[in-house]
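Take a look at the structures below.
Two complexes follow with chain A in common, the first pairing it with chain B and the second with chain C.
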Partner chain A sequence: MSEVAFTEEVIRLAGDEIRTCIQCGTCSSSCSTAHLMDNSIRKLVHLVLEGRKSEALASESIWLCTSCLLCTVRCPRGIRPKAVISALRQICEREGSVSRDASFEKIFMDQIRSRGRISEVLLSAAYALRNPDAAVPIMEMGIELLSRGKVSLNAGVVKGMDEIERIFRELGND
Partner chain B sequence: MTEIAYYPGCVSKATGREYDISTRSVARVLGIELIELDDWSCCGATHVPNETLAVGLAARNLTQSELPVMTTCSICYSNLRNAIRRLEDNGLRARVNSLLERRYKSTRVMHVVEMLSESLANRELPIKLSCLKVSPYYGCLLTRPGNGIDSPEHPRVLEDMVKMLGAEPLESPLKMLCCGGPIFMPREDAALESTYHILLSAKRAGADAIMVVCPLCHLMLDAKQGAIERRYGVDLGMPVLYITQLAGIALGLGPEELALEMNSISPLPLLERVYQSMTRD
Partner chain C sequence: MDSSERPMRIGVYICHCGLNIAATLDVEELRRFAETLPNVVVARDIQFTCSDAGQNTIKSDIAELKLDAVVVAACSPRLHEPTFRRTITEAGLNQYMLEMANIREQCSWVHMESPALATQKAKDLISMAVAKASLLRPLETESIPVSRDVLVIGGGVAGISAALDLANAGLRVYLVERRPTIGGYMALLTDVFPTNDCSICVLAPKMAEVYANPMIRLMTYSEILAIEGTVGHFRVTGVTKPRYVDPTLCKGCINECSGACPVEVPNEYDFGLGKRKAIYMAIPQSVPLVACIDTNACIGCGLCAEACPADAVKYDQQPEEFKLDVGAIIVATGWQPFDASRKEEYGFGRYRDVVTTLQIERMLNAAGPTRGEIVRPSTGEIARSVAFIQCVGSRDHTVGNPYCSRICCMASLKNAQLIKERYPDADVSIHYIDIRAGGEGYEEFYLRAQRLGINFIRGRVSSVEEGDDGLYIHYEDTFLGKTIMKRYDLVVLSIGLEANRDAEVVGNLLGLSRRPDRFFEIAHPKMRPVEAHIDGVFIAGCASGPKEIQVSIAQGSAAASKAMQLLFKGEIELDPTVAFVDREKCIGCKLCVDTCPSRAISVKDTAFVDEARCKGCGTCAAACPVDAIEMRLFSDEQILAQIRAATAVKGEYPFIVGFLCNWCSYAGADLAGTSRIQYPTNIRIIRVMCAGRVDPSFVLEALRRGADGVLIAGCRIGECHYVKGNLHALQRVEVLRGLLREIGIDPRRLKIAWCAASEGDVLARKIEEFVEELRDLGPVGTELAAALPSGKV
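Then we have the complex of A and B:
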């Protein structure tokens, strides 16, 4: 994907308003994890508009977004910075990123596609298998939840899986 | 009896069981018949970056009943409300409808906060909670990006609810800071830091309890509170009650009907204080 094609792809996914960004930084100043990021959200939008694809996609910031949408509520230009993050996540995933963050999203979506619902036990187990360093905190939480009777091994499977599969097949490549 | 379609969401079957149990108990007392949405599926939460796919997944749930749909999870709520907005686009609606068994026409989606605000107004509550200072925690997606329930910048709906239940609301400056829940698995450090600040802020304000309206917020603030205390070397011991648990106490329901024993930080001492203050009066 060329630099121009990258910019155009993010704009296609996240909206034309991105072109109107005035770099005011309202998004970054509203962000609850901004202090942990390498590039602020404002800077990410800048990188997108300049077509600096590899820098944008390598940014840890993409995965520190909690999807809280405060940036989206506040942008004076009506840009949805969270949608820019989602577009960048989507491009990373399409390009086969194997980071722990991308693997978490893939496991999550695979589970919806195969069962229709999320089972927290299966989700945690699948994630811990791929990311062994996460196993300890996951087990620690599992023990706490188990002691409170809040672990279910039977999340059930949705009956309308044909419908779910059609939704993934027809809309999944948008 | 009012009938409402209930969309419990995936978390209701496991980590959010006390929310599901207390919601059903409170609805029973309020004369609301909750009919679980037939064959509901995951709304996609915050982990489907493809926005069209996310609308399709949420939309399927909107076609499962003719009744208004109530959800207790702020993430499900925001996703369902977003799908309704996006489906106003004729092209997208036709495309999504071509994939669904039942066509989407229109529907009303409400959060349990709205259901309680409507049905508790002007209702005499048997248990007085006036001895409790409660810090309402909004989290992010109850009001955002603009779900119509209240202002996404200066909401009052939860303070009003605490007052309606007879307790004293304590406004926290961090009441709308995200708890970090959506990234807690791959980014635990970042997530726990946010949660820690929220808990500390309520503690410093002198809250007896935090009231939450989302199962992911509850997981972070309650189930992970022990891990946070160990990590930061602090003693918090802050009970975190679901809005339905607090409402249930005021309505005279007991600990079992509200699954209070499922909370990690036990709210039972608070309950005792409430009962004692009533016998004193």
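Then we have the complex of A and C:
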């Protein structure tokens, strides 16, 4: 994908308004994980518009978004910065450049999508399978939590799965 | 002269224009051709028709040959129509008995390589002009006497300047203000940028002048209830609300009555910071200096009446209705502040130390609620650190205000300076997206603020939180790329300006249109800055969008001078080239009402066109489903005659009939001529005032008569001289295309194009493209023939 094609693809996925970004930083300063990010959401939008694909996709920030949507609610230009993140994640996945955080993210999301909630046990197990070096500490902690009744082995499904499906659709995560 | 008695006698004058026309067109042949046309009694070719000699030839022919109408085949009517109208009037003909054939800009200059085809085109253009001239009727320009009085609605700084200028020029002015005092927001501001002079000090003398000027009748605490009539004679009804204080008795001492009043309410003139009594004076400099009782607060105890030494308090005062007859109206209803509590994340209304710039203006005011001190409302202590947050309620889609309010950057620069000057140790920051300081002396003002040590932090604040020790704001310093949380004593929201809801009634009564930002729309975004779409109505100051004091004053004066121009003579001439209704045919469907950009049509059983309002675009005539509306000039029968004349020979293929709007696309076609941009000869252009004038029957008639294509061209979207005529044209084209498809004609034979007066090249290329497209389609009727199994038509 060329630089231009990259910008166009993100715009296609996340909306034409992106072009109107004024780099005001409302999104990044609304973001609850901004302090952990290498590039702020605002900067990601700029990287996208500048066609700086490798920098944008390599940014750990895109895996730190918790989908709280404050950026999207507050952006004065009606941009959906969260949708930009989703678009970048999607392009990453398509191109196979998925980081460890991304694999966790995928397992997490798959569970939410299929059950409407996560099961700590299933989540840790699935993650440990894909990241064996993380398996030991996870298991140690898991046993401790299990013994204190903090995690449960029963993984239920929430009511209103259709609502969950709708939310996924609206966030452009399908 | 009456054509029913004898056939029209028409003279045709074909201009050589030196070699401008004669080098390409065979003028001699054109003259011989013109002689053969019906009703033509004389045809001449003249070297320069616009010269005195040329004009004299026309004049003597009119006298000697008893001509009824004149056709001049020469340059564009946009150039010399006024000249030849004058010529024929001097010879005793009615000025409207003239038609021009544009054989220079739209023929000889654009077809320099094809003289033979160009000469054939010129013949068509002349025979179209003669066909139209045969149907011309004399039109009388009517003058109506007008009222020379002017109503100014709104007594802010814009309305005040308009009223003073009019009164000083000798016109009577009614100044209607809905609040108890004039002055508007300017009367409440502290020092004002860009010079930081005291606002009320420069405004109060003007307010007093309004009060003292015998030509101004000031009606405060009053509202407009109804407006009827049109330019020259607006009949206005309004009401003055009771103040419950007799203005002839009140001495303005105020301390006596309000000192006695036991009721305290938040003072709206301090934006809620201070308090006032139920009987109050809006500001110490109020004009008129008369107290007013707020009936929502008054408990009817009667103490003020007892306290008043002048016996001015009158609880039985009644609303008083007034009626005015004015020739023009100036709308100067100003703005309203954005309601900061709508941006919940900033906590206004929840956190006491979050205030607005208007409140800061009042705090900084020596006569204000804090006597000029900048304090934290929560503690009453001086604020040591102050953050200004810009663009609150402006440039923000989430609150529906995508526009920039234009003055709030400057207002914050000003207030920050004033604070820094008063408290040099204070930490004062301005959090901005862009600093907009684009006026005379404004960038210097910005520099001054920087030199004073005010911090400029680029990044829009996302939220404000209250902590134990102050307010915390969150932002990203976008230059550092860091998200930051910072503590301040006081947070000031730089609120934007919105369209004033108080002006809604007035806007509706007058039929003013609004822009998407909800401010009143002016007639042209550049060229007519203070005119409304409605004749005789002008808009000044922030009523038409956020602006600073200087521009508001300039607009007040501009509106006043426009009103003077209109009314000074005491009469106005009505353009007779308007629409009229055939009441026999009208079915009262009201379709025309909304198409009219000038709101000239009303329907009571049948439609009625107010000729004083009508601008002659003809959109209504095209919209009427039963052809009950006609135009006095550019009438249906005249245009149909032009179409028939154009299609009589069809000397080439493909053959196009074009309808071009006078203001943009016809002017664009003229420009193609003056720029010598060459395009194919296949089009015959008919001038209409607006693309919206093109009646579906014109298109059908052209195609029926064998035109291979029809081109409609109008101003670019958003630039229509009549606001939305081009959109109406577009809608009609879409419907027509469907109809064409149904009757088996390829809808691509109807093309619509937008072209600005500066886009001669665009128009030329559109014509070229269309010729190519039509070549591909084959002659009109090809598709009908193909549809028949036998291949026969």
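Brief remarks on what is shown
Here is the rule we use: the second predicted complex is superposed on the first by the 111 of 174 C-alpha atoms of A that agree within 3 Å, B and C clash if a C-alpha of one lies under 4 Å from a C-alpha of the other, contacts with A are read in each partner's own complex, and residues count from 1 in each chain.
Following the convention adopted for this analysis, a residue touches a chain if its C-beta (ideal position, glycine included) is under 8 Å from a C-beta of that chain, and two chains touch if they have at least 3 such contacts.
Computed from a predicted model, the values in this text were never measured in an experiment.
Legend: residue contacts after superposition of the two complexes on their common chain; A:Leu57 is shown touching neither chain B nor chain C. When the two structures are aligned on the shared chain, A:Ile11 is found in touch with neither chain B nor chain C. After overlaying the two complexes on the shared chain, residue contacts for A:Ser28 are found with chain C alone; chain B is out of touch. In the superposed model, A:Ser40 makes contact with chain C only, not with chain B. Once the two structures are superposed, chain B and chain C can be ranked by residues of chain A touched, with B on top.
In the superposed model, A:Val73 makes contact with both chain B and chain C. Contacts of A:Leu49 after superposition on the shared chain: neither chain B nor chain C is touched.
Chain A residues in contact with chain B (one complex) as well as with chain C (other complex) are 70, 73. Against chain A, in their complex, chain B makes its touches with residues 10-11, 13-18, 39-42, 44-53, 55-57, 60, 78, 95-96, 98-101, 140-141, 144-146, 152-153, 176-178, 180-183, 185-188, 190-191, 193-194, 223-224, 226-227, 261-264.
Within the complex formed with chain C, the chain A residues making contact are 22-31, 34-35, 39-40, 42-43, 70, 73-78.
Within the complex formed with chain A, the residues of chain C that make contact are 345, 391, 395-398, 433-434, 459-463, 474-478, 481, 483-484. Residues of chain A that touch chain B in their complex: 13, 32-33, 36, 63-70, 72-73, 80, 83, 85-87, 89-90, 93, 100-101, 104-105, 108-109, 112, 116-121, 124, 127, 131, 134, 137-138, 140-141, 144-145, 148-152, 155-156, 158-160, 163-164, 166-168, 170-172, 174.
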